[in-house]
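I'd like to ask you about the structure that follows.
Per-chain residue numbering starts at 1, and chain names A, B, C, D, E and F are given in the order in which the chains are listed.
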Amino acid sequence: MNRHVVIRSIERADAAFIDGLGAAGTATVHEGIGRRGYAGPHIVARQRGVKIAGSAVTVSSHPGDNGMVHAAVSVCRPGDIVVVSHTAPSTHGGFGDLLATSLMAHGVRAFVTDAAVRDTADLNAMGFPVWSQYVSCQGAVKATPGSVNVPIRFGEAIVAPGDIVCCDDDGVVIVPRAEAAWAAAQARERLDKEAGTRARLEAKELGLDMYGLRDAQIAMGVEYLDTWSQ
Amino acid sequence: MNRHVVIRSIERADAAFIDGLGAAGTATVHEGIGRRGYAGPHIVARQRGVKIAGSAVTVSSHPGDNGMVHAAVSVCRPGDIVVVSHTAPSTHGGFGDLLATSLMAHGVRAFVTDAAVRDTADLNAMGFPVWSQYVSCQGAVKATPGSVNVPIRFGEAIVAPGDIVCCDDDGVVIVPRAEAAWAAAQARERLDKEAGTRARLEAKELGLDMYGLRDAQIAMGVEYLDTWSQ
Amino acid sequence: MNRHVVIRSIERADAAFIDGLGAAGTATVHEGIGRRGYAGPHIVARQRGVKIAGSAVTVSSHPGDNGMVHAAVSVCRPGDIVVVSHTAPSTHGGFGDLLATSLMAHGVRAFVTDAAVRDTADLNAMGFPVWSQYVSCQGAVKATPGSVNVPIRFGEAIVAPGDIVCCDDDGVVIVPRAEAAWAAAQARERLDKEAGTRARLEAKELGLDMYGLRDAQIAMGVEYLDTWSQ
Amino acid sequence: MNRHVVIRSIERADAAFIDGLGAAGTATVHEGIGRRGYAGPHIVARQRGVKIAGSAVTVSSHPGDNGMVHAAVSVCRPGDIVVVSHTAPSTHGGFGDLLATSLMAHGVRAFVTDAAVRDTADLNAMGFPVWSQYVSCQGAVKATPGSVNVPIRFGEAIVAPGDIVCCDDDGVVIVPRAEAAWAAAQARERLDKEAGTRARLEAKELGLDMYGLRDAQIAMGVEYLDTWSQ
Amino acid sequence: MNRHVVIRSIERADAAFIDGLGAAGTATVHEGIGRRGYAGPHIVARQRGVKIAGSAVTVSSHPGDNGMVHAAVSVCRPGDIVVVSHTAPSTHGGFGDLLATSLMAHGVRAFVTDAAVRDTADLNAMGFPVWSQYVSCQGAVKATPGSVNVPIRFGEAIVAPGDIVCCDDDGVVIVPRAEAAWAAAQARERLDKEAGTRARLEAKELGLDMYGLRDAQIAMGVEYLDTWSQ
Amino acid sequence: MNRHVVIRSIERADAAFIDGLGAAGTATVHEGIGRRGYAGPHIVARQRGVKIAGSAVTVSSHPGDNGMVHAAVSVCRPGDIVVVSHTAPSTHGGFGDLLATSLMAHGVRAFVTDAAVRDTADLNAMGFPVWSQYVSCQGAVKATPGSVNVPIRFGEAIVAPGDIVCCDDDGVVIVPRAEAAWAAAQARERLDKEAGTRARLEAKELGLDMYGLRDAQIAMGVEYLDTWSQ
């Protein structure tokens, strides 16, 4: 298959599950679904304190080109998040305040790219959240074909159109659309469990005891000693 | 030519053009002058929201040495920006609150380096803006010769003494001194044009139509499809 | 020696020296003790404006595992800082709000790691400071043995249990426990000296003259010229 | 889905297609199938001049652990290539001459990993080819679960069990199993075409003319000038 | 200036100087001309033992595009070396055996790029030497304009058309065309001097004495001690 | 302690143990002594097939300076290996054929640095082995003080003067001098054991069975399945 396509219509998950996953935060979601879908530490929040999820509109783009992002806008719906993957590493800032204006006008929640964003001061002022590998004032051309709404690799994750994109200060996690309900339940369960754990840790209980780690470690050969002696 | 020199007197651009370029921001300036002069995404603003331009006083320095920065102070004039390039990669924090105090006393607007800055909390408190590749508390020696006000490579850009250094949250862009007037006009023109574009995008017009991209993409072989079918 | 140990009892430096070093800041301490002990620019403050020091509780851990951090909590005392080194590069976020809750409950001042932290928004809200190489929502397992309170390499520094860990926006510096008093005195002396230097620089005096650099540079072959001439 | 599985039986492509793709080389295959499937320049051949393809037996492993590679051996068949992806970056040399001995005994053709290999001098002497991101003498543990023969991300590519793994001095390219016949034909066709192109280039014909680039570039605004004049 | 140009006719240095510089090797040339012009350690020889120099035909290219390399071929003359700089980081292998065939047919001596080369096994078999930042089987498009024979930044060096490009196993060094005669003389002188130094070092004389370093170091505070004592 | 010292006389391990460790190879030694002392994958052999060990003469140097390497030569004895650590990252090629000539004249076995080497073609021709982070033709100055034969951090390892430095194609491993006899015995034992393992693997026995991994993995939750079923 070596066609370039723009797919107009994709399936999306139920909004309640999407919002539940967004509110749970990436660490909880990632842990809840079996430690999958993390894009990697090089994808960085370019603002502080935003915690959000949306439906992936995916873009596969040639480096240094943002023409297909414009194509993506034409198929976005309110609640979507545009996720751009480049077919080779790129540092271009092919997304700035104009494209953000366009995405906001169409109800898109965030923009996520493995290249760069620019106009970061304006984006902050506008309140439009972005996650990217780089910040760069260097713009992109519109000269090469690509695809919209095909499965892509994004950082260390794989994203299909309509998957749930969870974003916060800890990075970006992808949840497969078909697992939305289960994932949201897993996240809720985990949040409940963590509340109890937190209370016990605040009361100075040790994780070492709580998780039965001391014995496990001694079984692995760890020696607990009062002071060092060879 | 293998001499080390400190040049005391350099030509500078007209202050009005410099300030116009500073206010336009790096993304606009970079685009306006034909996508040239960007130092690269590894040169990072160490504060938020500062947008400034000045005349380059250039420094070519041995790694781990800041003696020539002191030489540079002696030739700075109000409105200048000191730009330091090292002859090999360096992570030393050869610039901190003392040198910043000195530069502020001489009316210098900013400090830009491909190595590191230190005392970053103090620099923020003083309101002296810096752009650097690293932050590091490790200071530098004053043991080797270098040059001031010679042409240098800075990141991915080339800087001549007196060129205009534009800095903001998106990075650092260099404008050749001889092009100051033209560049300022280009930037203004671009800002005007973007205002119109922004209004149309806010009204939900698509960039895909506005820039005639849809037909161009179809001509490149991109297929617009309602849903996926092999 | 290929044993895994957890040492419960370590020597710590005098609290007054520790607090003095923390207040002096890493740049001053690093310079004061002869430019030693800096962990490197890849260890980054994950909050702004915190300046602190504490006694090192060291952890040597297998990548992707945080079981030994739980062991470390069990030997921490108020005023300590946990420093985690991995036996090979790791990007896992093996430290988040639950472990921070536990460390805070035991009076620990900060957490420092050459891997990642997660729940960074929560950590900021809790006011628990962290320094790390990465931010990542990806958690760790508890499957392999390691050691607590043995000498470790941390970034480009070496840390023994009980050494003083100094942290601020410029990074992390380690002071050997045995040198605490001397180091605190060096830092104080340096701060005093810098106050005088700062006043002279504010009065536009040149570092070039103050440090006798002009003559030294001329002796190294640097030519001071009014304008360029080949 | 958060299960760990070892799948014993997978579909493989026809050997003739696999061998044809191996002989064509990665550059030709990558180009032939529409510039897809390249793992990236960080995956490097650890010997010179080997050009090979095989059926992917995939491994998803925790960093610093090679237990699942042993599980993979148990499901390998002659002609396979083992491809190991780690769930987070890892530099461990979890593959050396012993595992190579085991793979050779089972007819496996090569080993490909996004972490490291060790015993590289022995591997060369044995004639067992490897592609890796790192070389490291540091071994791995066998303490955490993972999976064999599930779809994985490998570098910048996606690999399903049974896909064709093409390896040579230029890196690693993945061809989906279902496209084996088509891809082999594309590669052959491209090799034929390149033979003709090569002959014309040897006869000093210009690519500029052959590909009609001169006019295309002039249309894009490129000016062909005899000498520079502003 | 935001024009894209291909300049057909450039000045070149005298062949005798070029060949003398090539034979001297990059380390000698770099040292001889005052430690300037080194492209940096990321530009790596993709074969062993080749030592060569030629006249620079420069290319400024958009990432992922090699159309302008074809334009460069049309202006090359025997003895030239093509040097390609990208306007942003690129890992594409936009140069392989076909373009090498074309360059060889026109008498070009080598190809140097800050992106990647491919078909490296073929290039070695053909005996056409290349220096690059990456090896990658991923090809490039021919969709965007660029320039040939304009001044470029290449790695950490600046290259004007017709400058001398020196290449060997230690990397790439640029000598300005106007300095060719002087540089060749400097290199010869240095080679003569090193022959004498080598003989003395072989006779076990110490560099410490030969260069007068011992006293200089003692003056800088270095203490020569028989054994360690605090 | 902020003194710079050159220590003339250091303790060395018994030659038989050193040579035994050299012959065993880094992977075996590293494993044998409990997976310690590895310098990291960024320290790379600059020739193929050399396997050697020697006594560490350590150098702590300022970046871009090689004056202290000359000091080190003056205290070297036959069988030594010079190990240079820089106080901050450096890419300078401060070691080439002249220093190699000097080291060979004094019986030194190898040179190991976290910066660069140059004249690599000559070094290969001379048969003097080197391990380094970079190759660079860029030389160093002799302007700043440093130390010889003090404990240093080298990559991810710690080296004391007289420790055993083991080097081969897999990298560099440090063995503490006091553990030489024990380490040599551990390595020998491991080599013997591996011979038996190798024979069994050649006979197609599975590591999965040999190491009891199958049951251990099943206990961790790994499911062995014939084919995939959700």
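Convention: contacts are C-beta pairs under 8 Å (C-beta built on N, C-alpha and C of every residue); 3 or more make two chains touch, one makes a residue touch a chain.
These numbers come from a predicted model, not from an experiment.
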Those chains which touch chain F and also touch chain C: B, D
Distance between chain centroids, defined by C-alpha means - chain A, chain B (Å): 30
Inter-centroid spacing, chain E versus chain A (mean Cα positions, whole Å): 42
Touching two or more other chains - residue numbers and ranges from chain A: 1, 3, 35, 87-88, 91, 136, 138, 144
Interchain contacts (touch definition) - all pairs: A-B, A-C, A-D, A-E, B-C, B-E, B-F, C-D, C-F, D-E, D-F, E-F
In the complex, chain F residues that touch chain E: 1, 3-9, 67-68, 70-71, 73-74, 91, 93, 96-99, 101-102, 105-106, 116, 118-121, 134-139, 142, 144-147, 149-150
Chain A residues touching chain D - in the complex, by the definition given at the top: 1-3, 33-36, 87-88, 151, 153, 156-158, 179
Interfacial residue positions of chain B with respect to chain F in the complex: 62-64, 87-92, 136, 138, 141, 143-144
Complex contacts: residues of chain B adjacent to chain A: 25-27, 30-31, 35, 38, 40-41, 44, 48-49, 51, 168-171, 173, 194, 197-198, 201-204, 206-208, 211, 213-214, 216-217, 220-228, 230
